[in-house]
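Following this line, the structures themselves.
One chain, chain A, appears in both complexes that follow, with chain B as partner in the first and chain C in the second.
This part shows the complex of A and B:
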């Protein structure tokens, strides 16, 4: 019972007009890009606009540029240039990105100071010196690697 | 069509004679099962739209519907169609729509920047005759 009622609601749903439909004769058609809207922008015309509309019935060559623009603005809210204009949203996006990266940086620095313990003693320079000497004594990678770079005669790194 | 009945005696070899190839049957030759619907040529398409806008007593709704449909197609209309539409605007005393049509076709051209100047060049006599300014003349292509 409930399922059939739900199904009847689905059936009444209007087909979305933004689906790309076949416009007959094999030409693809889009339904929601309308350069000429149904209703003009200004519905209540002032006296000046009404007289301009009267003038429009005559030769258009006699209209000045301002009058032509005024006529356009009566019918349409935005020109194509205004309609297609991008927003400045991308600036907010980049700013947000930098902000959060910065916050993360602060968190990392705080962690290093207050969360992590000391590094192992094997990182001390004294230990490291002994470690290098031991590796050279063992002839680690004597052909092309580590010990190959050590000059055993002169007891220094090869230039 | 050779008739391979030499070794078959009196049997009629109907498969060799048959010309029609119903879809679904695999064929060794390069033949495709296309739809048999008639495809409208470009000239027919253009002529149809020119006729639509040329209606002497076209009304405002028909102009809007026609333009919106035409702009919805995946193409930039030919100058002759636009000429017909601009004259329809003149009959309806609607300069705003005439300018809008020019804006719309420029927008339709997308990245192909050479289409719009060509259209304006072709429509120049009509624009002068009817006194239609292009959006560029009015500075409406800038913000």
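This part shows the complex of A and C:
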């Protein structure tokens, strides 16, 4: 029973291939015939290709390298090397990245100028000087940190 | 076309036997490097600082600078 069902599938497949001959490349509905192999790339064979296919039925030792490549090209669109080669898409990706980062930078600059208010008074140099002096008076981190770098004798930063 | 049959078993064991000693060794090296590069110098720095530390003198200097709330500088 399985054999007859398989044979009927093969029969349907032959009809689909002949429809392909009229339609050109890539019209076959390959999904219906899973797991049978895909349709070959060149469906309308020239006279030369047809004679080569006949020669293929004999001993393959008689085929030259060019003939073998021609047979491959009948069955497949691309070689493995052609199929696996990378595209130049990464250049567009990097370009797009830089463009959008730049746009974001412009947005951030505009925000800094037109959206944010002034910075707190505690950032002014006068205030900061008083802040540093108070930290040194309190001996903040006197062993290895802040006050350790201040020379209390000469009232200057250690060299 | 007769290639050798590839290893089918013991793959994890082989990987562990190779990588675990290296992992342990590198971890020990990292720990030793941190101990002798960071913690020992730090302990020494603290020891040196407190060898010459005069708490009363420092307190008086801080008091004169006016940072305390409980004791004002002398003369106020």
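Note that the second predicted complex is superposed on the first by the 82 of 159 C-alpha atoms of A that agree within 3 Å, B and C clash if a C-alpha of one lies under 4 Å from a C-alpha of the other, contacts with A are read in each partner's own complex, and residues count from 1 in each chain.
Everything below uses one rule, namely that contacts are C-beta pairs under 8 Å (C-beta built on N, C-alpha and C of every residue); 3 or more make two chains touch, one makes a residue touch a chain.
In this text, all values refer to a predicted model and were calculated from it rather than measured experimentally.
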Chain B versus chain C as contact partner of A:71, first or second or both or neither: first
First (chain B), second (chain C), both or neither touched by A:134: second
First, second, both or neither for A:143, with chain B first and chain C second: second
On chain A, the residue positions that both chain B and chain C contact, one per complex: none
Complex interface listing, chain C residues touching chain A: 42, 45-46, 49, 58, 61-62, 65-67
List of chain A residues in touch with chain C within their complex: 134, 137-139, 142-144, 152
Contact footprint of chain B on chain A as seen in their complex: 23, 25-31, 33-38, 40, 56-57, 59-63, 65, 68-69, 71-72, 74-76, 79-82, 84-85
Chain B residues touching chain A - in the complex, by the definition given at the top: 39-40, 45, 63-64, 67-69, 71-75, 90, 93-97, 99-101, 103-104, 106-107, 130-133, 135, 137-143
